[in-house]
Every structure is written in structure tokens, then in C-alpha cells.
């Protein structure tokens, strides 16, 4: 029966990447929360890749490890961003925080729609998005079908990189820009790695490709259906004519 | 100033596709709820495509209409599935429902963990998933970036088709199989049409491609980072060597 | 078995009512979100009437159509309000948005507690309320009992019209006032139509009227119970004396 | 400055109404949860009337007290139902609960989709609905407009009484029937009292009646708009012709 | 069968403590919402103690009453804070509220990320937190195990008092300071009373103490496990050496 | 500026503890979900300790590491339990899953109120609780005050160990018992370590102890307030007389 094989996750005191903030900015701290606990954030990808890995059977160990190693990397991104939030909320000394009434940082925090950051979290990161809505397990897609999961990952890294580039435009702080240049680079890599894994799957569309397509209704599986109130001509778009991308039908 | 230009959405009394159930099955009604109000369901895609369409500027009218027409089609799928839920819960006459104690169908409903369907909805469809968790706006991805949105749509139709094929395996009812053959066919089409639209975008990766990649940290944007506790050799996988799928880097 | 009878919902490119904004105002965009994804908003009524219609049996076709036609109209209101949100967030050109740091509109958006609108949605409408809380299926009331549903509709249109009149007071923009004058008018109509339908039901109180009232505890069904800590005299209010509104008891 | 005026709420050890269960039934316990923490439940009405009362200005003391006394009564209903849940889950002695594996009652609980009741709450009531979804502040309607609030209350008591009568049909236990006869009677009273209060308001429609109706769009405020895909004749229903119920327009 | 034993909860018109506000401050109103509907707020403790009381068997009447009396006191705190919210949002007369465009209070409300307070609640208290996120039954801990519940209560009063002292630092209003001095005092008492009850339980650790500890894995129940990536020496902390606080093991 | 210091988290392929299941039991799989994504589960403690660690200033490195190392250990517990869920749902081969209709295990899953586990997750672990309600960031307590956080941790480990011991009673599977004996042992340790840390803080009550207690209302900070409807005598309980546990007052 069960034997102890060492712990499964490990932590290193050093940050994956050093996070510095030159001019603390509570507005930016609030925005960074989207990248922690939001639909496009790091908690989502960390947990999504983790639960996807949990579903990979033992005989596909390489894929399981691939997903788990990336999940583990994303845990480090949560820590980087949490550090960035704290540093953007700094400005009052540790003691002065409880007596914070005249503090400009806290005042700004209060005015800007994320008061819980001061009231509930003492000016630190929280598992919520930039509107203060808590992270939810609903964000996690782990379907038990690898192709569907990989598309979910492509999407998560696409909206995640979009968010990071938007954050990049909102800051002039060199430390924050540096951190985001790193995170955006990792998103570039992660988008590419999930695409590479999809390509390695070979022919996999339509997802799931285990379903016998001859059972599909053959009249409707490659036809664009217009729902325009007034009938209109075929707009001759790539989705109304020509070969379907899955190579299995003609629009 | 504003002038009335007619209403925007229209409804037809006839169902998009006739829904028939030979043997009502409350267990299956519960499962069908996943396809209505679940993360992979029709409410999600209908609203997702609608909000994406809202974000398309007027000068890209063809794309806006493409998204909106598919959104509109998905509204019809909600109605089909809602009809299927009601028909699977039938078996007691309309009057007998309030005095339902001895009804075998309702008894089964009660045993199966979705009691709200009887208690709150009088044995009809609800905007909840198969576990009874309410639909949430959080499921909707409408990022304002077309490529990111199209990947979100590919993913939604992939998990959606996966769900429909799983439902297909859980039923032997010819009416339900027929309905699902139609819905699966539409999912095939929708997967293909979003892929076609992505291809039509041309070179769009990494998403968003408007961000100047020379600003990314150049050391980390095309490198797989291992987080294995014990160092290990390059596993020589498609994501650790070779050209990156976006054609802009080498792993 | 199933035959295709055309699609069920249709869409028209023209807006139900032309929406114009003279002076974009991101604060007002945020407020308008309440009317899209809030408890009093258009998503709620559109889906509520739709799910109520789904529950109407075939033999009451006129009532089903009544509910569905109004649901369909409300879908158009979502589109109007989404257009209004986008137009209130305009001001930066399409390209300038990604490089938005110095943009006054985005700055205001960021300060005002709805940063997700820029970060997650590229300055467009979202299925959330004015505090950024996502729409939930919990808002939808579709009980399977027509009288209960109609009261839910009266209530939804009452709080909806209240919201619209409050929004009306917060804007001086002639385009926004014009749109709200239209939406408020429709709320007036919808309140009236649900009242008319209740009247047409005839004697229906207490809801549900199918329950045999002789089974109720006869001592407590028409008596106001005071829970005041100090006993007090009958305040001689309409709810402590006289005939009960349902005509079936005496207080 | 502030002076202590005694506590505001008081509690009595005696139950408002004695709750007895002859044959414990865990299935019914699960259903009763809908009446505690569900959209139609007692937590909702207790908190709804309480928050409505909080919004009544001091000079309308009689109305404030009316709402607060009913809110207070509803708190007692939560306690009654919680007692009913516990008694329906009894059957194992207090000690035996932790070693419950062979207990038939707990086994049934486990099978029936509400395992948290055993796992998280030790077989007692929880602030969740019959599907296990937690109570949410979103259920509470307290708009600051008395007429809108009273319609919300009519609706809450209508769906609440509907739920109670459905629960009544699911049980043969004389204790449970007795308790429900009492709660249904109170719902009858509460429906009537809110209707009485609406009548006492006099002319209040359309809600809110403080908005100057001459500002409404006069073309659309009393017209039924058909959204049928195929044009159709006026169905000559009470909502398409005749005087509007608010007495202020003609359909 | 059941007999009426009077209502269970009672209400007194007088506030538990008179609440006064000298200078209305909508920013502070928003913060106070955290103490009403937030994770650390009064709705949570009122309902938590109430559901815990519901789970106490009849033969432990003194403990049940202890929990219920404190629950009842907390209901009064909700009312105090709701009064404080209303008074901080006052400044416009009752009539002027609907025509509020130029009102400074409302303008501030709108800017500050809690627009629902004006739009949905007419400038009154809501069952939401300071970010506008609705109260959820998920906050309530009522485990059916008294020791676990008492620790949950110690925690709730610790974070609750922390919140109240933070609110105290954000205000200079003498009325608000006076109210908070009272509420903080009550939190001091409540922390102490739950600790006193824990002490009265005697030896109760580890919770639950009904589980036979000899069944625990004896190698791991009193050993600190390091998950540091680089092995490190025993830091000689109170949790890595010496006697364990439960007196049942040695670290 | 920033330099890469290695990744922050690492993962080991070996499970922290080998998880074995002799007789797959889908009912138990569902129950185990409570220990993954429930209020008392491992996701909560992993994230709670992590966010608490993020808030510890650099100069208190030992405490930060203490919290982070335990957070990291809890991540491993998620993996153990996810493995246990998968193994309890096994029984059909990998291929047979999509064609699962006749599978007894899946049939049981479907009956038991967690259909999403098959429909959305292909019979694997999900970030939801045993009722299917998704994990929420709301469960995480990280207040920025160490004493408050440690009490939150004592509470989390108390309800967590209670849950684990209840799960222990529901299984006879030797593999599951073995795993739970390990997890219960770790909960014993974690309860003790947080108590040890609280003791090491020295005098810290009432929490927060940075607030000047002379500002509290001195009449009410050490007095039990009865809210009994009928006045009653001092029950002479530990919380109504004697010295308060914080040593700073007399009841």
C-alpha cells in the first residue's frame, strides 16, 4: 500500500523574475488584479493546465508532464503579479497602514472601486479580478478530450496575451514594463506550444474526432444557415463556399 | 434624431427542427440542461457571438452580420433543447403535475439531484447546468480582438460538440438521437466556419498581432521552460525544438 | 421524424431604434451596463420571457407567442444598449485603442471602477452589471405557473422602468435621452400588457389558485401577525382590517 | 451623541409553530432546502423586507414597521424549516453520525445529490437551495421605490406559495403537512397584505409614477409590437386593444 | 400536533444604538457596505450563528440559546450599518433624488464604483460588499461540529474587528467614530465569548477530537514537511520542534 | 533591472503519496470533490496560504516561507485527491468512455447528481464541490493581519479535518482509507502548526491588537448582551462572568 514518494510541488524563495516598481500606482494595482484572478488571468491557466494534466492517463506521461510543467510555471506568474500588486500599493510604511486615513495611496484605492483591497486584504493581492469579482472554478476548462483542451489553452493564452499587452499600454513604469515584457514573451511561447501540440495530434477536426461523422445530419453539417430577416444572396465568404478547413466537407 | 427602423430580432413559431421524444426520461432531461445553461451550452454561444458582434465596428459589416446570424441560430438551439427538456419530463398531464406525489417520472426527477426542476420550474427548462448551477455572464468571451474571439469560438464549439456527442451516447431514444444528429452537424459547421474565418484573417499569431514583438523579452518568447523538480533532458517534443507554429521563432 | 421548419429566430441589420451619442461619456457607459446585465436589465427580461414561453403547453399557443414575441423584442433592447455603451466609450480611434495610455476616455474608465470594460472587452458592452458583477441565470423567474410568472414580469418591468428613469436623470445627452424615452415607453407598454394578461386570467389569487384553500391553516391565513417586541394596538391599516384583496377572507 | 436604546431584534426560544416529523425523509429534507436558501425561500423574503424597511424614511414610520415586522416573522420561518430539515435527517443518534457509513438515512442523502449536507453540515440545514447552490444577495429586491418593492413582494409570495404547495404534494408526513398548512396560510396572508398596500398607494402605475409621462416616446408607450417573422393580424387580445390597465392610454 | 407558541423573532423600533452622521460621505457609505454584505460583515455572522444554533440538539439548550442570542444581536448591527449607509448618502432631499443629475452625492456615488447603490437601490443599503459583489451563503460556516464552528466564529470576529478598525481609520466623522467604537467593542466581546466557549469545551484538539488518532498515519501527524526546492536545515521554529499545542505529539 | 532567478514552483512526477483504489466507487468520487473544490477543500487552503504569504513583507522571510511551504504541500494534496477521483471513476477503458451508455459506473454517476463529471470532464476531477458548485476566490481569507490569518487557518484545518474524517467513515476501500489516514495526519499537523504560530505571536488578542482599546466603547466591550424576548437571569456561563480570555477585561 501507499508509500511516501516525496512531495509533489516545490517552491523556491527566489521569484521567477525580479519584480520592481518605481512609482507605486494603486490604479495599476487594480488593473493587475485582472491578470491574477480574472477570466484571462494566471490562476485560470495554472489551474486549467493542472486539472487537464490530472485527466491524462498514466500511459501518456509525456503529455501529462508537459501540461503539469506549464501549470507549475503559471503558479510562479501568480506570485510575480501578486508582488507587483503589493509594490504598487506601497508608499505607506508597514505600521502606518492601519492609520491610513491621510494616505494618498489608500485614498486612491478607495476612490477607484476596489476598496476591498484595503478593507479586506490590507493592500495586498486578492484572488479577484479588476472589478473585485472573485475567481471561480467556472473559468477552468478541462474536458477530458485533449484536442478540445488544447484549443481552450490557445484561447486562454490569446486572451491572456491580449490582456497583458493592454496592461503594457497603461503603464510607463520601467519595472512594470519589464515584467510585462517577460510575461508577454511567455504568452507567446505558450500560444506556440499549444499550437505545436495540436499540430502533433494530426487530423483531429471536427473535435471530437472519435464520433462517427456518418451519423451527423448530412444536410446541415457543412452549410452556412442565414438567419437574416430579409433573405439575401450568398455573400461569397470563406465560410459560405469552398472546402471546409477540416478537409471533410464542402461548404 | 432616432427613427424607428423596425424590430431587430424576429421569431418564428415553427421550431428550427422538430423535436420528438418517444420515451420521456427525466435523467436525460437533467443532462440536457448542460447543453442549455452549462459552460458548453447554447446560451453561452448565443450570447458570446452576440456580444462579439456588438463590438465589431460598422465598417466591418460583413463580419458583424456573420457573428450575429450565428448568434441568432443558436437562440433557436436553446428553444430546441428546452422543448426536449419539457418532453422528457412529460408523462403526467398538465393538471396532475401539482398533485405529483405518486408520479414515477417526478419521483425519478427528485431522486436525481435536480429537484429545482420540479420545485422552481414546474418541470420545464431552466437557465442552469446539469448540476443546477445557474448560467453566468462569465462564460461569455468577447474580447474586442477578433482573432482571440474566433479562437474562443473554436473552443466553444469543440467543447460543445464534445458534450453533444456524449449526450448522444447516453440516449437510445430515436427522437433525441435525431435532434442530436442535427445539433452535432451544426457544431461541425460552426467549428469549420470559425476556422475558415481565422484562415481568412491571414497571419495573426501570436494574438494580438498588433503588439510589437521586438518589445517582448527575447530570451523567453520561444523557449520551453522546464519546472521539473529534477532536471531532465530535452524530451525532443514538437514544443521543445523546431520552428514555432507562428513562423516567427525557433523553439 | 424531425423535419426542418426553417430557423426560429431571425435578425435584421437595422437597429430597432437608431442610437446616437453626442458626447461620449464613459461614466454613463458604466451605468448603462446595469440595463444590460443587471438584475433589472434587458438580458433578464429577454431570457425570462423566453423560458416562460418554453413552459407554455402547445394548446395555449396564443400565450406562448405573446411571451416569445416580447422576449424577442427585448433581445433588440440588448443590442440598442450595447450600441450605446460602445458609442459612449468612443473617442479614441480604432487603432489608438491598444495604445491608449493617454486617452481620456480610457483613463476615466480605469478610474471609475469598471476597468474590465477596457481590459477584457476592448471598450465594448459586456454581460455584466454596472458594478461589473456578471449576469446570472438566477435572475430569471419561470415558474411554470402563469400567474406567478406574470407577477414576476410586472415586477421586472417596474424595476426596469425605475432604472431607465434613473438613467434618464443622469444624462443630458440628447441621443441618450431619446433612446431612453423610447425604452421607457416600451416599459410602460410592457407593464400594462402583463397587467392586462393578469386581468384576463380572472380570479387567480392567492397564487397558485389550484391549491385547495380549505387545507390552509384557517387561523392564520388572513391575520396580520405583529412581531413588535412591545405589544401594540391594531394600527388600523388596510392590511390589518377589512376585506382581503383576494376577496376570499377578512383581515 | 449615540445612546443605547436596547437591542433591536429579540429571540424567543419557542418555535413560532411546533415542527414535527413522523418519518424522517432525507429526500424531503433536500427539497425543503429550496424553501430556506432558494430564490423562492424564506431567507430571501426575510432579507428583502428588511432591506426595503431600511430604505423607508423616518417620516413613514408605519410603512417601515409594517415591512420590518413581516421581515421578522420570516426569520422565524427560516428556523421552522431548518428544524424540519434536521428532523428529516434524524435517525442516527448524535454519536453515531460520525460513524454513519451503514446508516440508511445517510446513504439516501448521499445518493440524492446533496452530499454537502452530510459532509459540510453534519446533517443540518444550510443556506443553500435544493440543488446545493448557495443563497445570494442577488435575490433581494429593495429598489428604494415603494410600489416597485411591493410588486416584488407580491411576486416573492406568489412563487413562495407555489413552492410550498408543491412541497405539500411531495409529502405524506402529517407533521410536514401541518407545518406547510401553516406556512401556506401565512403566504396567503402576505400576498394579500402586499396587494392591500398597493391598493392603499392609489394610482401608482406605470411604476415609477414620478416620471413625467409626457417625456415618454408617445408612439410606442401603448402599442403592442409584434416580432413575428411572418406578419400576422391583430390577435385581438386584451393587450392589443382596449384601455390599458393603468388607465392612461389605449392599446 | 403543532400548536402556535408565539413568533420566534421580535423587533423593536428603536435602533440598538443611535446612528448619527454629521457630514454625509458617499465614499464611506461604499466602504460600510463591506461590513454589511462582505465576507467579514454582519450578514455573515448573523446567519452563521443562526445556522450553527439550528444544528445544536435540544438537550444542549444553553449553547443553542447562546448562539441564537448573539445571532439576534448581529441582526441589529445590520440595521445600524444600513442606517449609516443611508445617512452617508443623504444630502439631497427625498424628492430631489429622482432628479439627481446635479447632485454632488450622486455624482460621487457614480464615480466611485458602486453605481448600483443609486441605480438599483435608490441610495440605500444593499446586501452586497464594498465592491458590489452580492452576499453569498458560501460565507456561512456551520459544520455541525461545535469546536470547528467556534474557531470559525473566532476567525469571523477577528476579521470583522479588523475591518471595523480599518473603517475607523477612514473616517473623521464623530457620529461614525462613535458607532464604530460601539461595534468594535462588541467585536471584542464576541471574540472573547467564543474563546471562553472553546476553553469551556476542554481538550478538543485536534478538531474533531472524536476521531481515533491511532488511525492517523503516525509518521506524518506531527512533522513539518519542507517543500523548499533546495533542501534546508531545520529552521528551529516553534512549529518544527518541541511539543505540539494539542499536547498529543512532539514536532 | 529584472534578472531571471529560476522558476518559482517545481513539480515532481511522483505523487506525494501513492493513491490506490481497490473498488472504484463513483459515489465516493463525488464526495471527494468536496475535499478538492469545496469550502473545506485543498484548493482553498493552497490558495489561502499562498495569498497570505504574498502579503508578508520581505523582512519577515521566515514566516513567508512557512506559509508558502505549506501552500505548496497543499497543491500536492489537490493532485492526490484528483487521482483518487479518477481512480474511483475508472472501470470503463479509455476508449469505451465515449460509448458509455451501458457502463454501470457511469450510470451510477449519472444517477447521483454530479452529471457534469461525465458530461464536462470526461470522468475526471473538477474544481467544484460535491454539489457541483464551482470553487470561488471568496473562500480565501488573506487579511494582511497575521493573527487573523492564523485563526482563519486554524478554522480551515478544523473544518478540513472534520471533512476528511467524515469521508473516512463513508469508505471501506483500503486504498482510500490509507490516503485519508495520511491526509488526516497532515491536517493534525497543520492545525498544530498554526496554533504554534499563534502562541509564538504572544499576546495578540483582541485581534487586531494594534487598535487602541481605550477608544472602544468601554460599557460594551466585555458584557454579554441578552436578546431574549423574555428577560432572563444571568445563566452563569463562562461567557457571562469571570475574566475574559484576552486577559484585558472582566465579563
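The chains carry the letters A, B, C, D, E and F, assigned in the order they are written, with residues numbered from 1 in each.
Here is the rule we go by: a contact is a pair of C-beta atoms (placed from the backbone, for glycine too) under 8 Å apart; a residue touches a chain by one contact, two chains touch by 3 or more.
Since the model is a prediction, treat every value here as computed from it, not as a measurement.
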| message | Applying the document's contact definition, name the chain pair with more C-beta pairs in contact, C-E or E-F. | response | E-F
| message | Sharing more than half its contact pairs with A-B, counted by residue number, which one of B-C, E-F or B-F qualifies? | response | E-F
| task | Let me have the rounded angstrom distance from the C-alpha centre of chain A over to the C-alpha centre of chain D, please. | result | 39
| remark: Rounded to the nearest Å, the gap separating the Cα centres of chain D and chain E is 24
| So how far apart, in whole Å, are chain A and chain E when each is placed at the average of its C-alpha atoms? | 32
| Where does chain D touch two or more other chains at once, residue-wise? | 4, 7, 9-13, 39-40, 65, 69, 72-73, 76, 98, 111-114, 120, 128, 131-134, 136, 138, 143, 145, 159, 165, 182, 208, 210-211, 219-220, 225, 227-229
| request: Spell out the part of chain E that touches chain D in their complex, as residue ranges. | output: 1-20, 37, 43, 47, 50-51, 54-55, 57, 61, 65, 68-69, 71-73, 75-76, 78-80, 82-83, 86, 94, 97-98, 120-128, 134-138, 140, 142-145, 174-175, 178-179, 182, 208, 210-211
| Hey, which residues of chain F end up touching chain D in the complex? | 27, 30-31, 34, 38-40, 111-114, 129-133, 159, 163, 165-167, 169-172, 219-220, 225, 227-230
| request: Give every residue of chain F touching chain B within the complex, in rising order. | output: 4, 7, 9-13, 98-101, 110-116, 118-120, 128, 131-134
| note | Residue positions on chain E within touch of chain F in the complex are 10, 39, 62, 65-66, 69-70, 72-73, 76, 136, 138-139, 141, 143, 145, 147-148, 151-152, 154-155, 157-159, 161-162, 165, 168, 181-182, 184-189, 191-193, 195-197, 199-200, 205-208, 210-211, 213, 215-229, 235, 237-239, 242, 244-246, 249, 251
